[in-house]
Structure formats: structure tokens, C-alpha cells
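Working notes, beginning with the structure itself.
Each chain carries a letter (A, B and C) given by its place in the written order, and its residues are counted from 1.
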């Protein structure tokens, strides 16, 4: 049995004196959607940042297809095949939509860049429509789609998403989550950090509940309707 | 009566103003490019121009052909820029703005004093291109060649720059890095490559400026281009530090005004010009920190 | 324990100053000038530290206050008969008034403080890069005005005929006054509130500290001390606007950085060490006798050495020689050393 694509083993992340993540272990394999949910300040974003090399890993291991990602620069992690859709989308408002996508191609390792861009347009037609407009002219939901498209253009093996549904209307969240279903069929491993517990638990193959930096509970999609379990896990 | 003569100036002064404006615009770009990707104001930028001028003087003293001197100038300036990046900018990238500020100020002083030590205070001559000081006769009016050449060269460089930034990958990466470095890195933009490119470009511009400046000021002393750098910095702040275009416009405006007033105003009225200029800089920092040539309420340098 | 540490915070720099002063009594008169200059530098750097060290905001403009203090003390203490020689266009009040040594110093401090207050009122809202540029602007404006406005001073001319009252005692006393004031300020509520804003501006604001107000207090106080130092300076050497401009800005900042930006001990150590190095190099530039032979350095070496030292410190050890901390108690140092070796 081959190693899972993305593996976190006893991950420790510190923010100064605060232990943001304590001994977190999880794995995501090709074509899987794994959710990471929990209350504010639980350490979910810190986990993603540590994987990307934005914050230093204080302990434990982060492995991509068996090879360690620890102490590598963010751009090197991106080029190794891990893409992050950051919290708040962080698109370049002053650049055009097309330029934003071209930036995504920066992390592309090999192969057909044009096809990658075409793929992204297929998934999010609204992005193609606004190609030449400054990205700042798009609505929140469209910007979120752009942010995901931009991450996909690099044809990553692993996709990390940091609260993509933040500030979006439910209908738009539908579009985004449907896109994630489609992305998974391409064989990409998806780690989804979210605050909307129920939808995430329903969508993901399994969801880990993080609270105070520690993994409290792992839920399958069948638990999506069980509010009591969710609530108790959050406030553990 | 044309506007120029009404203001007491003449065509030569106007041409000078455009020429100086162009040169200052290039310096503003050099400073702005590095600021955009590093958030660092290189107080020592003028020393790059100084080094280039000394290289030209070196070649002139030995009677080398002009193109050799220019090549040497570019080589020296680019080497010095890269050295500055490696030795000073990169180690300091993670420090507070206060430390970065003091550090580039120290480097500026250090380089100037090294030049003083090495070449002495009397200065060297770099007159290989002095023929450009001769006038062209255009429509019955005599205008120095260098004023026109400087304007054209500056315009050409700026056009090339716009093309570079707008159409190439490197340019796109630099623009993105200037907007949001962290996210750019997340997308695979290589930090070191972007910074190196910005430093290289900024060095090329400094060398170009050195070549043009030595035409009108063939005497190269350790404080060569010091006054100009301070003025360009003021212009960049006035125009708007955070965007390359506003910084460039600011640099151009200060250069143009400087060249124009320098020719048009009698000396005793221009004594307090630096004070008015810096009072304006302080006012802009307080009231419109984004700069004069940006949208109102633009974000800029920090305020309490 | 706390009181002992506080006492050391004051006594360490004070004793260093006294030691330097005593050293000055034992050397030749030419070396003595270097020692006196060192003590005046201590006063300037301590003034600089009071603002920069406590607020974390860099000011490139403090030599303006030194200059203004020097102008005040110099002009007012010159004998009336001598003034027209270098200041023919002086305004009436300044031309006809002459004050004694101590009043001139007191006025220098007062004018420095007032000027700093006026400048600080708009500027203290700025931080980081903006503050650096704005204070640089103040330096430029002051330099420009003092150089050309002949109604208030000698303009381009050098001060002469100012009574040379800054000997070892006056310089040492001046430096000690600066140290005591800096110590009292940093121990006071105001000093502590300002340092809180340096560490974490958001948190400080959240507990009601006015960042703007505290910075203004420190800026004004440091302006007064700088003015005093300027007064001391003008009574020591013939000064002109160029000597109180970029070179002095650079070297006093270097002293503060090399010693340690964030502590009083650092400010004093930096001033003493760098002045010593600079003085030695100045002598070497004229040819100095060493045990091995004669050392004759080319003119301009001193600034290169000081500049290189400053750059090195910034890159390798930004907290300076003292680590930016006050001198710890001997027991604490020993304990610290022990834990380092046993861990």
C-alpha cells in the first residue's frame, strides 16, 4: 500500500509562546476530500500555513508523497505540487483576471499550460467571461472561484482551501462545493478548512474536528445530521 | 508671447527641465522597483550612480574609448547593486522598518566615505561624452544635445519598462510581488528571482543615469548625485511611494520643476527652495500619505 | 532586588561617564579634547535614545535640535562686541543680549524642547518609513533655514568668540544630567507607557495609552536634551551648520545602534566606544606612535570604519553590543552564564 499523498504526523506549530497546533496527525489521499473544522483560533489556518511553509514547523512531520516539506520555502512547496487557496481569497485586485491566472501558472511544473488554463475555465465559466477585467471588479463569489481556478491552473497534486465559504451566499457556496466534487475526480487530494461544519462534514470523506490545536474527533459524512456530536466536539 | 518666455524662461530651460525630469524619473523607477518588492527605501541609490560616474572617470583618465567606459560603468553599477542586495537587503528583510531605514542610511554613508577614502575629495573627471554638451540648432534656437538625448533616453527606457512589466512573466511576477508578496509566493513566484530582477533593473537604470549625469557634471566627487537622490526621494514620496507610476510621476515632477526653476529663478530667491520642498513632503505625508498622484485615501506608509 | 536593578540601571552609565571624566584628567590636553567630545556625544546619544529607544520610531532629524540649542547658546553667550564680526545682520534682541554660561545652556535646552514640541505636534502621528522621511525633512529644513537666515545666526559662518566653557567638568555634568533625566523618564509611567507602544501598539492602545501623546512627550524631552547637548557643544568647538548636519546625524545614530538601540546603557556604551574608536582613528590619520611602529591612516578612514561597524552590527547583531538591555545584576549574569553551560 502506497503512502497517502499528503501526510501530517504529530504536527506542532507555535506562534511565539502559544501552541497553535499540537500533535496533529492526518492524511489525505488522491481523490479524497478531508475536512478540517473547528471553532475560531483552533489552529486550522495555522495547519495549512505550516504545510505551505508560511510558518515554521516546530515539530512533527509534513510529507508529500513520502518526501518531507518541512523547512522549504513557500514557492518551493507550491512548485512541488501543493496549492493553497488562502483565507480571504487574496486575489490581485489590480491585475486582470487573466493575469491572476497566469500567476497561478508560475507554479506549473511541466506539461501543457494552455490546457491547464482551459481546464480552469471549464470549471468556472464566469472566470472566462471576465478575463480581461481587473479582478477587483468581480463579486465575492466570483473572486472565490477565481482564487480556486488560480490554484488549479498549476495542476497541483494537493489542494488546500482556507475557509472558501467565508462571506459567500449559500447559493454561491453550492457552486464552490460542487466544483470541489469535480476537482476530486481529477485525482487531486483536497484538504478543506471550514467553519461551516455541517456542509463540510456532509461533503468530505472524513472531517477532523480541531479545538485548541488538538484533534478532538473524526467524523464521517453520516454524522452531518448529528448536531449534538458536532457541538460537543467543538467545545471540548 | 509664449508661456515659456512669459515665465522668464527660454527653450533651453524648457529642454533642460524635461531632461532633468527624465533623469529623475528613471531614478524614481529605480528606487520604486526595489521598494515595491522589498518595502525598503534604498537611501544608498545615489551611491550606485556615484559608482557608475567614477567608473566613467576611470575609463576617461586612461583614454579608453567611450563604449568601454560605458560598459565599465554598467558592470560596476550592476555588481554593486547585486552586492548590496546580497549583503544588506536580504539579511535585513525580516527586520523592522526602523532597522531597514537606518541600515540603508548607513550603507549610503559608508559607500560615500569609501569613495572619499579611495579617490580623495578633489574629484575625477569623466568627460568622454562631453560632446553632448554642444548645442544643436533647431529652428534657429540653440539647445544642448544632452537635454534632448536625456529626454529621449528616459522616454525610451520608460516605454521599455512598461513593456517589460506588462507583457513578460518576470514583469508580472514583480507586479504581483509588489502587491502581495506572500500570496505571490504561494503561487510559486520565486522570491529571490523577483528581488534579483528588481535589483538588476534598478542597477541598469542607475548606470544609465550616471552616464547622462556626467555629461552636464563631468566632475565626479564622493557626493555625486547626493543632492539629486534626496530630491528624487522627496519626489517619490510626494508622488506616491506605493505605486510605481505615481512614484515615477513624482520623480519627474520634481526634476522638471528643479530644472525649470533652476534656470528661471534668480539665485537669491531659490535659497529656501529645499525648505518649501520638504515642508510639502511633510504635509503630503500627513494629509495625503498615499501621495499626490494617487487616488484619494490611498493606503501608504504607516500612521499612528 | 528590583530596587537594586533600578539603581544599577542609573549607576552603570553614570559611573561610566564619571570614569571617562576621570580618565580625561590624566591625559594630555590634546587627548583631553577627545574625552570632552566623547562626553558631549554621550549627551547627544542619550537624547537620541530617549526618543528612538523608547518609541521604536527612527528620527533622522534630531541634529536639528542640537543645532538650535547650539545656535541659542552660542549667539546669546557671545560678547556683544564680537557679534557683528560674524553676524552682521542679527536681529536686535539677539544682538544686544548676552547671558552667562549656565543661562545659555538652560536656554539652549528650553529652545530645543520648544522646537521639538512644535515639530512633534504634526509629526508624531507618523511611524516607520513615513516618520523617517518626515524627520529627515525636518533636518533639511532646519539646515536650510539656519544656513541662510542671517537675522537669527551666523548663517554660513563658523561660530567664534563663544566662551569655551565646556571643559571636563561641564561636559561630564551635562552628560550626567542627560542620563539622570533619561533614567527618570524611562522609570516613570510615561516612559513605560511609551515602551508598551513600541512592543505592541495595538495592545497598548487597547488599554488606553495614547501613542501620539506619549511619543510627543518623549520627542519634546529628547529635543530639550539635544538642545542642551548643542549648547555644550558650541561652548567646546567652533561650529557651523555643516558640522551639525548629515555627518553628525550619521555618527550619533551609529553610536546608538552599535551600543544598543533600546537601552540607556547601550546608548552610553555606544557613545563611549565609538567615540574612542573614532578619536583613535582621527589621531591615526595624523600619524600615531604605536608599540610596533607608526600608524598613519589616510584621511577619511574613520568614517569608513565607523560606517562598516554600524552596517555589521545591523546585519549580524541588530540589538547592538549590549543586546539592547540594561546592565543586569552581577548575580543574574552569573546565573545566566551557568545555565548556558549546564543545559
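Note that contacts are C-beta pairs under 8 Å (C-beta built on N, C-alpha and C of every residue); 3 or more make two chains touch, one makes a residue touch a chain.
Being a predicted model, the structure only gives us computed values, none of them experimental.
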Centroid comparison with subunit A (C-alpha atoms), farthest chain: C
Closest chain to the centre of mass proxy, which here is the mean CA position: B
Subunit B-subunit C separation of Cα centroids, rounded to whole Å: 32
Mean-CA-position distance for subunit C and subunit A (Å): 53
Whole-Å gap separating subunit A and subunit B, where each centre is the average of the chain's CA atoms: 43
Complex interface listing, subunit B residues touching subunit A: 169, 172-173, 175-176, 179-180, 182-191
Residues on subunit A engaged by subunit B in the complex (per definition of touch): 52, 54, 73-75, 78-79, 83-84, 86, 90, 92, 94-95, 99, 102-104, 106-108, 150-151, 154
Complex interface listing, subunit C residues touching subunit B: 52, 56-58, 60, 122-130, 132-134, 136-138, 140-141, 144-145, 148, 201, 211-212, 215, 246, 250, 253-254, 257, 298-301, 303-304, 307-308, 310-311, 314-315, 318
Residue numbers on subunit B that touch subunit C, as the complex places them: 41, 87-88, 91-92, 95-99, 101-103, 105-107, 109-110, 113-114, 116-117, 230, 233-234, 237, 241, 271-272, 274-275, 278-279, 281-282, 285-286, 289, 300-304
